[in-house]
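Here the structure comes first, spelled out in structure tokens, and everything after it is commentary.
A, B and C are the chain letters, set down in written order, and residue numbers restart from 1 in every chain.
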Amino acid sequence: MPEVRCPMCSAPNPETADVCGECGARLKPLVAGGDLGLPHEEAGAPGPPPGVEDGEEDWLARIRSQALTSGGEEPTEEESGESPAPDWLGRLREADSGYEEGPPEGVLPEWMDEFIAAGDESEAAAAEDEGLEQAEQVPEWLARIRAKQAMQKAAIPEEEDWLERLRHEGEAEIPAAEEPPSEIEAMPPSEALEEPLPEPEAEEAVQEGLAAEAEPETLPAESPFFAEDLDALTEEMPLPEVQEEGPEAPPLAPEDLEGEALPHVPALVPEDQSEVPLVEIGESDLEGVELPDWLEDLRAEIPVSAEEPEEEVESPDLAPATLPSWLEAMRPTDAFRPEIEIEREEEQPVESAGPLAGLRGVLMAEPVVAKPRMATAAAAQLEVTERQYAQAELLQRLVDYEQQEMAPSEGPAMRIPFVRWAISLVMLVAVLIPFSFERMGMRGYPLPASISPDLAPLIQRIGDQPVDRPALVVFDYTPGYTGELSSVAGAVVGQLTQRGYPIATLSTRPTGPPLAERMFAEAAAAGAQVSHLGYLAGGPTAVQLFSIAPRDAVLSGFHLPREGEEKDPWAIEGLRQVQRLSDFGLVVVITAGTETARTWAEQTHPWIGDTPLIMVLSAGAEPLVRPYFEAADRRVDGILTGLPSAVSYRQLSGQPQLAASQWNAFGTGMLAAQLILLAGGAYGFISWLIRRAQG
Amino acid sequence: MRLGSYLLWAAVATAVGILVLLGYFVQLDAIPAEGWLQSIFQLRLLLMRWAVLLAGVALFVGLINLLAVHWSKVSEQARGWGYSAVFLLAFLATLILGLIFGPDSAAVLLFFNYIQMPVETTLSALLAITLALAGFRLLARRPDLISAIFIGTAFLVLLGSGPGLIPSGGMLDSFFGGLRNWLAQVSAAGGARGILLGVALGSIMTGLRVLLALDRPYGDE
Amino acid sequence: MMGLDFLGLTVLALMIILLVIYLAMGKRQAPIFREIPAFEALKGAIERAVEAGERVHFSLGTGSVIGTDVAPALAGLATLAEIARVTSLSDRPAVVTTGDGAMAILAQDTLRSAYTQAGALDRYRPIAARMLGPTPFSYVASLPTLLSSEDVSVHILLGAFGAEGALAADFGERQNCFVMAGTDDVQSQALLYATAAHPLIGEEIFAGGAYLRRDRAHLASLRVQDAMRLILILGILLEALLGLLGVDL
């Protein structure tokens, strides 16, 4: 079964229902002049609704009668008693000119077309010409309208035909909102909001009037538009009866209305004192309602009738809207809406659309609800403690800080390293100056007078070894230590080449073989037997493997001649009989690191036999290697550390001495280092004293 | 790494480590030429040779990693990509020359003698200046007794290590020379020995953690 | 009779037994270790670096996997695992450099494990662990470029270093980095004491795992080290006393 949605609460209802089962709103608007299935005695004069009992007083009729009485009009027979049903509906139908919008273009009923075509002046002639046939077809209400208009036109010749006007209005766009009545325009929108609420005394009168007049009617509890409180409200403020149409009333189809009556609910009912008296419509109530021109003219014609109700208004049966005391107490102290003055019924606007069309006292959707308005300051006032206020302020500051664009952080200020530059300059000058000692006529540093007691045995040991067994020289240092170790090891290498040892070089570092080649280039060029065994990969493990089986550990050499048997690193005269480490006559390890020295000392010990192991070290490695030399079960047979020892070694072995510039540069460099340490110590001590004094 | 594969690799690492470790506690001259001991000894040697091979391969892998890092810097034009480009060019040039002419050829030795060695020697000289600067600022930055002893000891050793403030051949030279020897060979050596013992203990425990699979440097997922 | 180093085997067995005992004790008797200022300062420095979006550079040294250099490098790996885990979700995760190819592979493995534990495996990049140079000074020569281009603010040197370690520490000081350095070489320790702001002396480098990771294995091994050190001290004193008394062992 198809359903109809309620325009008020959107609740689904059967299509045949006229009133919403949830909220009681009309589902089918009341149509003027249409047969809505309402039993009525006369056409145009709607009879009482089916559900209304004779004993009930229709509040609309009452209102109407009061209005007519106040206006000096007496209710016609059609409206009193015989027709308790609201006759305003019938008047609305008769008026048929109260709607603003004309019939849509091209959708005029046939009779309207004929009427329009005939024109005003030819209306009567056309009616006469058509004779009875048309008279039978034109409804009575239309005939009355025509008669009236004829009278009006006779009175006001220059008045336009309403139909012509209507046609023009229908063809043209919907006219812009006409200017509201002057009273309405003069009244500021907020006036109504600022009107004070009715006093409690008036509320009681309203309650009494409502209680005496109307029967309570409960509203469906399920309606969303009616809160639970409203149920309580209705107990004290019984709502007036709502016309209930018969549930059996069949729905009207559009074709039923064609040719019968205009299926429109006139928004406004013109004042027509000669006809059925209509409910007065005050101009002040027409806020937001667009009035056609002809209605404006009509209103202007009957100023007296509009003003009269203001003077002779009686207290309506429906008491002005006032709030009961308990409801008044629930209202916030700072009202969202200011007090609203309840106007008199006659001044209240008539609802023009919707299911409540034609009723007075309907709450206006605008401007109370729909129009936004600013809450008063008092309404928004909260109780905030000092602490909360401070926290809120802090939070606001944090949020603002987050939104601030962070300035790019400046990099650290470039510091000029004065101290570093100064020390570098001092060291450079100290090392370079000795190269000009001779030119400056200065004597350099004297050679060391005290000779280490370890040098003589070392020289003796190397000198006593038979030269038929080759010497293994291990270059286990990085190129960075070339400056020191080439000077220190040069003394030992010089003695070895001086004695004519066959030399085999080895290294556990990839950069070792080039250093060895560089060291022995001059000797090799002089005819010495030098064989570079190359790079021994594997660290301490490889040292042990080499110690066990040298020929298995080293398969190819470095920088060897490419022809003949000399491609084999073991092919030179002195190396042919070498099968193990102990077959070497001497092992010299040149290194700058303590770990390398200890590795060779420990890994070779089981296999070196009686072959002396000589360590040529950087000055910093001596403390940790000397124990191997000084131990009871010594694993190192000779040690040479530092440039002073090398100078002394050369002195004792009768080798050419180092260049004077090299020894002098060493001396001045040491001097500069000593002075820098002294200055640093003094600077640190003074800084400590100052900090201590400052606390 | 799944539990099964993890246990397998942990077992391999433990077994190899124990085998090599125990070899250090066995005097090799006591190992007979035949028998199971000789087999174990040969197996140990084999494992050590494999370790040497792996070290060489690891060097190769490290070079590949180095190339990849610098290549990505150049391709992304990250900060300092110019230096990476120079490195790549030098690397390729040295590699190509070494492959074509051999690592001991005159061309490669030219690179070594005139580029690598001077650069590394310069850095070593820079080390001397850095240490002098560090000695100058040490007491100001860390004014405590240990720093004062450190500076004092360094100064005394310098005094006795060569010519400088004190000329050679005098009584002072002999005195400070002997003092220097005592400091380096007794005091410093003793302290170094103690540190070395602690370092040795730490090294042993680090190795034991690996052997007993308590520490897994080979991945732990 | 087969020659065996009984003393060595005895010491080794004793250390293994003590390790097992301390592992079994676990945290029932929580060890009390002295405070190492370098590790305490390191925690704060890493937190600041993570918050500031700066990078941590970790150097495992120039030593090789084969040889005695591997011990401090393995100790450095234990510390690296913890630091990598903490910095894995940083805007700039840690970068690891070594002077050896095999050590670079180990570092990659450790990084991947740390990222997996932190649930950030997608942020792991293999080039985060790299070999800078095959020789010590070539390794150090690459450090200034790395420190400046990667916006390093924490410079950690834990591994096998020679004299070049002093240069490496000085480069970090020039960049105003937090510098913590430790190695097993005594000579290098002396140099690092003068150049690094937070040096590790002696075997403190091997305590990184226990102080930072606080896992049972590292705590137990550190307790074993302390116990064995005490035994060695007593043994040295006893032998010295006996030597003075003319008793030759």
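The definition used in the following text is that contacts are C-beta pairs under 8 Å (C-beta built on N, C-alpha and C of every residue); 3 or more make two chains touch, one makes a residue touch a chain.
Only a predicted model underlies this, so the values are computations on that prediction, with no experimental measurement involved.
Of all the chains shown, the one with its CA centroid nearest the global CA centroid is A. The chain pair with the larger count of C-beta pairs in contact, out of A-B and A-C, is A-B. Separating the centre of chain B from that of chain C, both taken as means of CA atoms, is a distance of 14 Å. Averaged C-alpha coordinates give centres for chain A and chain B that are 54 Å from one another. Note on chain placement: the centre of chain A and the centre of chain C lie 45 Å apart, centres being C-alpha means. Residue positions 27, 29, 51-52, 55, 59, 116, 120, 123-124, 127, 133, 135, 138, 141, 192, 196 of chain B each touch two or more of the other chains.
In chain A, the residues that reach two or more other chains under the touch definition are 478-480, 511, 538-539, 541, 623-624. The multi-chain contact residues of chain C, meaning those touching 2 or more other chains, are 64, 66, 68, 134-135, 137, 163-164, 186. Taken together, the chain A residues at the contact with chain C in this complex read 412, 417, 478-480, 509-511, 538-541, 592-595, 598-599, 620-621, 623-624. Here chain C touches chain A in the complex through residues 64, 66-69, 134-137, 160, 162-164, 174, 176, 185-187, going by the rule given at the top. Residue ranges on chain A touching chain B, taken from their complex, read 419-420, 423-424, 427, 445-450, 478-483, 511, 513-514, 517-518, 532, 537-539, 541-542, 544-545, 548, 558-560, 606, 619, 622-624, 626-627, 630, 642-644, 663, 666-667, 669-681, 683-685, 687-688, 691.
Touching chain B in their complex are the following residues of chain C: 1-5, 8-9, 12, 15-16, 19, 23, 64-66, 68, 71-72, 74-75, 77-78, 98, 100-106, 109-110, 112-113, 116, 126-127, 129-135, 137-138, 140-141, 145, 148-149, 163-164, 166-167, 170, 184, 186, 189-191, 193-195, 197, 201-203, 205-207, 209, 217-218, 221-222, 224-225, 228-229, 232. Only residues 21, 24-27, 29-31, 37, 51-52, 54-55, 58-63, 65-66, 68-69, 72, 78-80, 83, 116, 119-120, 123-124, 126-127, 130-131, 133-135, 138, 141, 150, 192, 194-199, 201-210, 212, 214-221 of chain B touch chain C when the two sit together in their complex.
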